[in-house]
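Next, two complexes with chain A in common: one pairs it with chain B, the other with chain C.
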Partner chain A sequence: MSHASHEGENKIMHQPEKATLEGRNKVLGFWLFLGGETVLFGTLFATFIALRGESNGVLAKDLFDMTLVAIATFILLTSSLTSVLATQALHRGNAKQMINWLIVTVILGFSFLGLEIYEFYHYVHLGHTFSSSPFGSSFYALVGFHGAHVALGVAWITILIVQGMRKGITTYTAPKFYVAGLYWHFIDVVWVFIFTVVYLMGEVGF
Partner chain B sequence: MNNHVEEKPVTNIKRRDNHEGPKYHFITYAVSMVLTFLAFIAVLNETLNKNFVVFLILAMAVVQVVLQLAYWMHMKDRGHFYAITGLIVGTFVMFTCVIMAVYWVWW
Partner chain C sequence: MAHKAKKYKGLMDWLTTVDHKKIGIMYLIAGAFFFVIGGIEALLIRLQLMFPDIRAFGDDTAQIFNELITMHGTTMIFLAAMPILFGLMNAIVPLQIGARDVAFPFVNALGFWTFLFGGLLLNISLFTGGMPDAGWTSYVPLASNEFSTSRGVDFYTIGLQIAGIGTLIGGINFLVTIINMRAPGMTFMRMPLFTWATFVASIIILFAFPAFAVGLILLTFDRLFDANFFDVASGGSPVLWQHIFWIFGHPEVYILILPAFGIISDIISNFSRKRLFGYASMVFATMLIGFLGFMVWAHHMFTVGLGPVANALFAVATMLIAVPTGMKVFNWLLTLWGGQITYNTANLFAMSFIPTFVMGGVTGVMLAVAPANAQMHDTYFVVGHFHYVIVGGIVLSLFAAAYYWWPRMFNKELNEGLGKFTFWTFYIGFHLTFFVQHILGLMGMPRRVFTYLPNQGWDTMNLVSSIGAFLMGIGFLATVINIVITTAKKKKSVADPWDGRTLEWAIPSPTPEYNFKQLPLVRSIDPLFYEKVQGNKGMTPAEPVGPIHMPNASILPFVMSFGLFVAGLGFMYQDGGLNNDFLNFIFENFIVAFVGIGITLLCMFLRSVIDDHGYHIEVEELEDEGAKI
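Let's turn to the complex of A and B:
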């Protein structure tokens, strides 16, 4: 008896997202979704790696602005840290701190999106468009799809912030915050491979 | 007696679920930053062998991602068997796609 009640109490206090069966199922379901996302990005990476050599004159090496990419990488990495700090505040049951860290995460997400939009705009002016070459098509499909994920994450977390302000941390809202944190980390994980495979390997000319 | 035996896993859960504080998260962040920085340096250094640089930056990306999965996404904690299985299966399909696409187009 004391075992069950102890564990229950412990879960509600330290891992509220796993306190209910629904919460545990949401977390598990989300991991399966992330497995599917891995496959989705895998196909886009495969397309890019296979087609990036077909560039009709516009070379990755001359195109990419590494300073911009470095800043974008720094922003997204930092936003992943602030999102884990939000999850830690969730585990401490501190709704106010959690919301503050989520707000920082959203601001960083917006900055990243701004940089990416500027970057695409810049490339299009240099003659690197979605339809200019197979390199262009696969580049915009892969990087643009990642950007769409960032945009979705920013919108999602913004809505969660509003809900968090109204309802606080409960066993019902906790899984949502936890799962949004996982999603945001996953976006950063995908970006690590994008900046390695697309930008750095493009710069090397491999 | 019975009670005593049952309480063991509870203390275990407590130890692993009670968060140690942000220390490991900051370490993960610092290591990720350093690896990212080294990757940029390696690429901008034109004297290094291309194959070596590509191998190095891919290896550093994998290390960084494994750290982030383990600490930031809590995969090192208990109860992540299905999460790990899901990602491994996804990664397997991903590699199959990459190898197939490259093979299809270039050989």
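Let's turn to the complex of A and C:
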């Protein structure tokens, strides 16, 4: 695709999500939306940090199973990589490859969700529930909000995969794939902070 | 690409429209509707406080009073002032930057409908056994289940949550519109001040509203699902609520006042027949106020006990805001200085804004002095202060904007005689109502208390305050009559009734649905005035006449918001308590809530999978315009 004769066409295909004004609007608007989401999670983090010391005797370091959390983290971060590979395929104009990488991303997302549901189930049995203490409330609010974001992302990308199969990559569909990639990165970044603030800092005690 | 658009008529046209001008009008109507409700609540408050030691609403007066002050504040801020400003932004900003629509017409409609359904949800609490009664700040523990036993606060949290979604996406929409959709030559430093103010206010919305969304959802969890965020007994923190609320709540007042500053700047410049004095400093003052607005939230919490260091820092930061605000005041005065001033209704309101707002600003700096604040906290001094900035600032500017932009929005001019009557009654009534409240506050009259004992020296001033409130009501009524008369009249306005300076006056009247047949080439600040000075009849086009791309109308935004409304009710009544077994069954098992969420998700799904390319207005249709639209 790097022949000089194809340069004009190449420019459009290189970033098809920004080829139209509608596309540029969508990408910019989505970045701004992620700015708002940052404040949303920032407030949840602040709430968690303010209230994490108020537990009903079930302490974070007795609770957390770091092996499980480490596996979940590994899965989610890998899915970030696969979504980059999907976006790169989008920029190469290779719909088939993009869809395959998106499918891998969704599978990894589902695995993460499965682990998280098991984790929550496990904690509830240890007496760490949403209404047991402020630590519990703020833990489930923060981690649960993130989980809800993952669930929404998985559903969204699944719909996009079907659309990609039917419609291919056009200047109309490209912005959709691109902003879904941005979204997926965002929730991965949030997880990095959750892993640090909730789990690692919980392990050393606070 | 579809060439022929589906055209709806009548009610369906309004329910499905994605045209920013029609959405602007709907915001204006809905905002005015809630303004009337909030105004009636205000008059009832003043009725109860007119005389000492009375029970205007019978035995339940204290409770009713609590509900009235809560709903008055909440309605006026979230459902009246903001939507009316959003209406003006929608109607005017795309025209001022030379755009054919906003960046996301569909999202724009969605923002309006979520606001409306959120507002309606909040207000139907009137018919369901108790409105919210914990103040517009909804402080815990007052707002907890223990002390607020009706469902009122649930209506507050969920209603505002839904309305807040609309505000957030509206803000994002304006940001992208202003960044990406400016006409050729319309650089950032040529934008009218109202557009600038909209830009900065939208940034504040983007970073302030998500914090409030979290606060509301935590309170909802506490009240409906036994969470412990704010419950002291189990280790929760009521001060956390105050922080979250004011981290949003203080920027919120700048979301309201910055667009008002923008309106005043445009109108004063227009009716002084001068370029705005100190344009660049106005822009930077706007940005500085927007930035500092996030740094001062704890000045609402001086009496909480954050300690002298925190109080001192927040006091100094608060006083700093007086600097860019002062810059603005001097720029307005110097714009008027030596100008050819027109004394019509719009400009009377705009000019009267200046001294009134300065008074509100001065009491603001007084309140920023933390030690003095300990004396004035929760007294009528605070009530006087914030009504001077909100009524004396925002409402006066909204009146000015209505009289100024009415011809552009509705193609007719409001009556000047009735307009001036509104101005004098409202302005005098306003000062009568709120000036004395400062003195009452300094004498120790506490706010949010439903009555007071006689012979403390408060009786006369409270009577004066109430009389002033009714005078303001009469003034507003005159404008309502004005609107009715003007709407009934046949006489159309000319396209440029005020000899305007900015792009919105360069368009033929009525405004075509595509705004600009050819995008204008902007060659200066005050672009229309520049062309007039150059001897040109209108703007120089930046492009040849070509087919214009238009977005399709859609019912989805309406249905999507309705789904949220249903879901809100569903979650609120998940503990049953209704008089009907079937209703209890569907609410207690979350059937209603999930049906509501299902409707919304289904709409999102449809929006994603159905391609919506819009349609084109062809050149031939553009040429034989005039008859149509």
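Just so we're on the same page, the second predicted complex is superposed on the first by the 194 of 206 C-alpha atoms of A that agree within 3 Å, B and C clash if a C-alpha of one lies under 4 Å from a C-alpha of the other, contacts with A are read in each partner's own complex, and residues count from 1 in each chain.
Here, a contact is a pair of C-beta atoms (placed from the backbone, for glycine too) under 8 Å apart; a residue touches a chain by one contact, two chains touch by 3 or more.
Since the structure is predicted, the reported quantities are computational estimates derived from the model, not experimental observations.
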item: Which of chain B and chain C A:S133 touches, first, second, both or neither; value: second
item: Touching partner for A:A141 - first (chain B), second (chain C), both, neither; value: second
item: Contacts of A:E37 with chain B and chain C, given as first, second, both or neither; value: both
item: Which superposed partner A:E203 touches (first chain B, second chain C, both, neither); value: first
item: Residues of chain A touched, compared between chain B and chain C (which is higher); value: B
item: Residues of chain A contacting chain B in one complex and chain C in the other; value: 28, 32, 35-37, 39, 42-43, 46-47, 50-51
item: Footprint of chain A on chain C - complex, ascending; value: 103-104, 107, 168, 172-173, 175-176, 179-181, 206-211, 213-215, 217-218, 221, 225-229, 231, 234-237, 240, 243-244, 247, 605, 608-609, 611, 613
item: Touch list for chain A against partner chain B, complex; value: 2-3, 6-7, 10-11, 14-15, 18, 28, 31-32, 34-39, 41-43, 45-47, 49-51, 66, 70, 73-74, 77-78, 80-81, 83-85, 88, 91-92, 182, 185-186, 188-189, 192-193, 195-197, 200-201, 203-206
item: Contact set on chain A toward chain C in their complex; value: 21, 24-25, 28-29, 32-33, 35-37, 39-40, 42-44, 46-47, 50-51, 54-56, 130-134, 136-138, 141, 156, 159-160, 162-163, 167, 172, 176
item: Residues of chain B that touch chain A when the two form their complex; value: 3, 6-7, 9-10, 13-14, 17-19, 21-22, 25-26, 29, 32-33, 36, 39-40, 43-44, 50-51, 53-54, 57-58, 60-61, 64-65, 68-69, 71-73, 79-80, 82-83, 86-87, 89-91, 93-95, 97-98, 100-102, 104-106
